[in-house]
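Chain lettering (A, B, C and D) follows the sequence in which the chains are written, and residue indices restart at 1 in each chain.
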Amino acid sequence: MGLSSFVYPGAQHTRLHHSLGAMHLMSEAITQLREQGHEITNAEADAAKAAILLHDIGHGPFSHTLENSLTGVGHEEISLLIMKQINRELNGALDLAISIFCNTYSKPFLHQLVSGQLDMDRIDYLSRDSFFSGVSEGIIGSQRIIKMLNLHNGSLVVDVKGIYSIEKFLVARRLMYWQVYLHKTSVAAEIMLLKILKRAKELAAQNEELFATTALKYFLYNNINSDDFFENSDALQKFILLDDSDIQAAIKEWMTHKDKTLSLLCKKFTDRQLFKVIVSETAPDPQFAESLKKQYAQKFGISEHEAEYFYQSHVVSTDTYNPKDESINILYKDGTIKDIAEASDMLNINVLTKKIEKYYFCYCRS
Amino acid sequence: MGLSSFVYPGAQHTRLHHSLGAMHLMSEAITQLREQGHEITNAEADAAKAAILLHDIGHGPFSHTLENSLTGVGHEEISLLIMKQINRELNGALDLAISIFCNTYSKPFLHQLVSGQLDMDRIDYLSRDSFFSGVSEGIIGSQRIIKMLNLHNGSLVVDVKGIYSIEKFLVARRLMYWQVYLHKTSVAAEIMLLKILKRAKELAAQNEELFATTALKYFLYNNINSDDFFENSDALQKFILLDDSDIQAAIKEWMTHKDKTLSLLCKKFTDRQLFKVIVSETAPDPQFAESLKKQYAQKFGISEHEAEYFYQSHVVSTDTYNPKDESINILYKDGTIKDIAEASDMLNINVLTKKIEKYYFCYCRS
Amino acid sequence: MGLSSFVYPGAQHTRLHHSLGAMHLMSEAITQLREQGHEITNAEADAAKAAILLHDIGHGPFSHTLENSLTGVGHEEISLLIMKQINRELNGALDLAISIFCNTYSKPFLHQLVSGQLDMDRIDYLSRDSFFSGVSEGIIGSQRIIKMLNLHNGSLVVDVKGIYSIEKFLVARRLMYWQVYLHKTSVAAEIMLLKILKRAKELAAQNEELFATTALKYFLYNNINSDDFFENSDALQKFILLDDSDIQAAIKEWMTHKDKTLSLLCKKFTDRQLFKVIVSETAPDPQFAESLKKQYAQKFGISEHEAEYFYQSHVVSTDTYNPKDESINILYKDGTIKDIAEASDMLNINVLTKKIEKYYFCYCRS
Amino acid sequence: MGLSSFVYPGAQHTRLHHSLGAMHLMSEAITQLREQGHEITNAEADAAKAAILLHDIGHGPFSHTLENSLTGVGHEEISLLIMKQINRELNGALDLAISIFCNTYSKPFLHQLVSGQLDMDRIDYLSRDSFFSGVSEGIIGSQRIIKMLNLHNGSLVVDVKGIYSIEKFLVARRLMYWQVYLHKTSVAAEIMLLKILKRAKELAAQNEELFATTALKYFLYNNINSDDFFENSDALQKFILLDDSDIQAAIKEWMTHKDKTLSLLCKKFTDRQLFKVIVSETAPDPQFAESLKKQYAQKFGISEHEAEYFYQSHVVSTDTYNPKDESINILYKDGTIKDIAEASDMLNINVLTKKIEKYYFCYCRS
């Protein structure tokens, strides 16, 4: 949920809650598939549960918001690195879980339950985010969807009786994207946080002194990239130490940093003077950005380069359903299979499969 | 919900609950519209609440199931007759409520709140039926939808920010139709109930003795129609006395009636040996019905005419959204208005506006 | 809940819901005891579940309200008769269930789970009645209580960690008694219902004609008692046919009966002109009743004997916890056992074990 | 809830949620009292809501856990200081709110709603903590209690019809204390946190270098006391900057501090190797502590003084209801008033008013 609690103060649920919830749903999905007559050994069940429990463990502070900006590495890759480290400590107990996570195991549906169009991850987070944000419309029929799961040629399918539930799942997902995940106030806060980190790294590159925990300093003062993570266990150890508090404590401290750009951003962020956001379906006029830049430079007494930290043109996109990645297949009573986009007469296939893009132009209010 | 409790045993909620709930939502809708700057006097508010409180008061036993079959008159007409009678007793206190109910009042949006595409009736019953049946997917964002209401040229509109909620409302409504209201087991039970009443009326027309309360007898032995209701206050007084218990007690008693057709239907209904249902998108083969008729006549030792009481070809239809009746209009920030079918890119306009028909062929199992 | 829906309109839940709920809790209790290391065979588990599923099957219309008044036999005895009949039809499949129900089985804790101070019956109905009446304070920690169950010398005990939950269970139970089950409006309605049935039986004894289903007539015109039930299968078959609708249909019909006492009571009941209730801790003044009797006789033009149908002095009593019947035992870590009344320092043992009596004097308002 | 999320991971709700919730309940209580005919002006209503909204604003990081340990000043005093500062900025807009908060206003019941035996603070936090911890038994009938409120001689009283709800409130409160607030795992974590801060302050007093934000350093290196807060606005400004992240970031950093005692405590805390807790009703044997001290000194290679950081004898106490402080008064229909401890026959007055003490001896596991 990133910084959604700026908009929905109830949204204080944690990644631990989500991971436990997804593991619980995995148990139910396995029970369901077994009841349909498909063999899943206890070892496979445990491995699938371990895989989903750990699928998000590579998330750093502020999860998706800061992903890549501190490390240049995606959270799935880091999750895998951490799983491998735990696996070494546990003498291979996670071999099967890792194989499922990486989709190299001989039963691909187990991977689909961890990561796919209808994985337990999504089913958990949609309901959970909906509940804690109070946006009750995001609630989906988790129990019903799971009860409709089946296998066909070794892949996950949904019984035709569940078609309305799937329609509602896709509609709810789209609703949550636009109403919660991409709410403009959350996006404004996230952009500010990214700007703060970027400025801090720029100052660090100039050898400016910055208050930070040892772990955070490591990522500010070194240019860590994917290779470092894979070759240098130091990067991973430091990364594991990081959590939201490293960033929060630093931002509060930086409010009095002598760099005007950094301190101003940190003060505005802390005092909730968030960037204003203009949402549009076409790219914003570059003239507007240009005039803002000059205005900020003059007003704050900073350079034009520094003034660029006070606005951002941002494109958000979402495709509710991308059958190219992986489809949701509906199983009919006669044994035939149809993609949901074809099976549903309600949903507009062109919309479902179209990538929707919106322009969020964010800028400092004064 | 008719006989939905045959499928969803939790669905024991009553019309009283629904009427109180709809009245509560009406209060909230009025508060919302007032907050948007539209004048609604206290007298109008009270009248709108009275109108929705009483909108369903004309329902007889087993509501929609037996509608028309006992009286030949729709429940809205009877609701109006009862409102008028109460109005006489209250010396005109319901004048304004009746005017709103009949859509003759100068502020048509008040009628739209009582009866329209987004009336408080639907918003209440979708959530309520969803809750009590346990089909959690029917839950809609009632609070959110109401918070998005506004007026435009005196008609109800929905703010563009509420577009996803309306999409979900329409999807949930369709889901509830197919998964709950038109569930084949409920339909089977309803068909049986209709057959029982029809046979009882047929026997009454032949002057056969039938156990029944005085009120029920009135409708069995007289051929009551719309004119009787309007001209003869006796019909209305008798109708008001009827509730589910008149029918239930009679059905139990008729299990031992000497007419084999009636007693057999009543026994099977009471013992839950419900008709089997075949759902199809095309009309069933008339040959199948013909062969069943012969089979039942022989097996039960009844005439072919009587055998026809043991099967029924039934067409159910639903149009999720019919913009010809009345549309859901979306209000954009620039003041323009679009029909939801046009405004939503998610929903398939062709489906939304298409009348869906399915054939339910119901027949006695043995 | 008898007639509680006169006070709490949401209380429409049925005995079927309760029986299914109690059976579900039984499954959980069995799982818990097995996890504590106690052996319960699958046959025993099934039998315990069957016993609790059927424990209330002997309830007639309006359950506790009319208990004894139609039949002179308690519902447990009738439940047992019905179980035995089903058992014969199922060739002894319920032998073990009946043995548990009657507490003749060698593992008495199974009977305690069906009927005892902490049985699954109470745990279900307290939560259920609390939920549907909206009296949220009656909610108890069902899951927690069940998780604290254990056995000691073959009897059910509660782990000391669950002591606060038991305290709350007893407090909630007392609250539900006084706030819901013995609410004076429900009691008033129940007294009226009893008066109606009593008058109807009196008229039947005088061979007056009364509208009623065959099953209801059987109990009105015959003086059925315990012996009839045990010796005469006709009584049981008729009893099974009875449900609320037999009574409701009759009461509506009796509103126009020529007997003034009966018709007046039925009209007032149907129009919700319920008796007024005075609650006191001492017996009401007999003079008051006497003066009412004369007043009603004169006002309604009936005899003094008939006038007695319009008031009733009624004593309600409840003992929250009666350790003589059967105690709730708390298991300490050192293996010792204490009765909850002794173990709890919060609850006043004198109150817990004292039978509380209150006088409800009910009388016709005008 | 301090560190309750160590035990109940769902307990992530914040003080902001609680403050908003308590303010909402205040609105309902004011509506209720007005409906009972008591005059409350709009200015008084706003002030009471402001007072409860701000009543907890003086809480520092980890709320009750670190109260006093950083500042030597209670949170109420700091709340008042902050209110006064806001009041100056708002030119006296909080005058009345402060007067209510300090109980110097002429309508003492307004203060009782903010802080008293039945204040909106408690009513909110009991329900909220119960909900988020999942300990459903702590749920109280908030709506019912508020509906039972009334005034008598200018003081808050509860209508006699609410007596069972008050009993349940007191039982629920006691349950929440022992089952949640004083859960031994939470207490263990809190003791460790206190030990860590105490050691850090000791090192600071020796001029050892410690990583910390400027605000935290201020409280570590200066011996701040009550006088400083009142005379020195710097202390308050620094205090306001503190939140959980200052402490969390420091503790993670101190895991590698060269002081063995500090780093060991921080590592164990972070890795959740919490102190073990022995709960008893009598004071623990001092010999046991003495032997632990020697053992730790030897094992960790530290002084005996330093070894004392690894265990703690702690006394927790709770009085469910203290009529000396302020009583809950029950209003009878005849206008008489009784203290709840006298009015309730269920609750044991001796227990209610007795201060319960338990000994929690906490010590490092290895």
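Basically, a residue touches a chain if its C-beta (ideal position, glycine included) is under 8 Å from a C-beta of that chain, and two chains touch if they have at least 3 such contacts.
Remember, it's a predicted structure, so these values are computed and weren't measured experimentally.
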item: Chain D and chain C - chains in contact with each; value: none
item: Inter-centroid spacing, chain B versus chain A (mean Cα positions, whole Å); value: 44
item: Gap in Å, rounded to a whole number, between the CA centres of chain D and chain B; value: 54
item: CA centroid of chain A to CA centroid of chain D, Å; value: 35
item: Distance between the centres, which are taken as Cα means, of chain C and chain A, whole angstrom; value: 54
item: Shared interface positions of chain A, touching two or more other chains; value: none
item: Pairwise touch network: line, ring, star, complete, or other; value: ring
item: Touching residues on chain C, where the partner in the complex is chain D; value: 135-137, 139-141, 143-144, 164-165, 167-168, 171-172, 174-175, 178-179, 320, 345-348, 351-352
item: Complex contact set, residues of chain C against chain B; value: 9-10, 12-14, 16-17, 20, 211, 213-215, 241, 243-246, 248-250, 252-253, 256
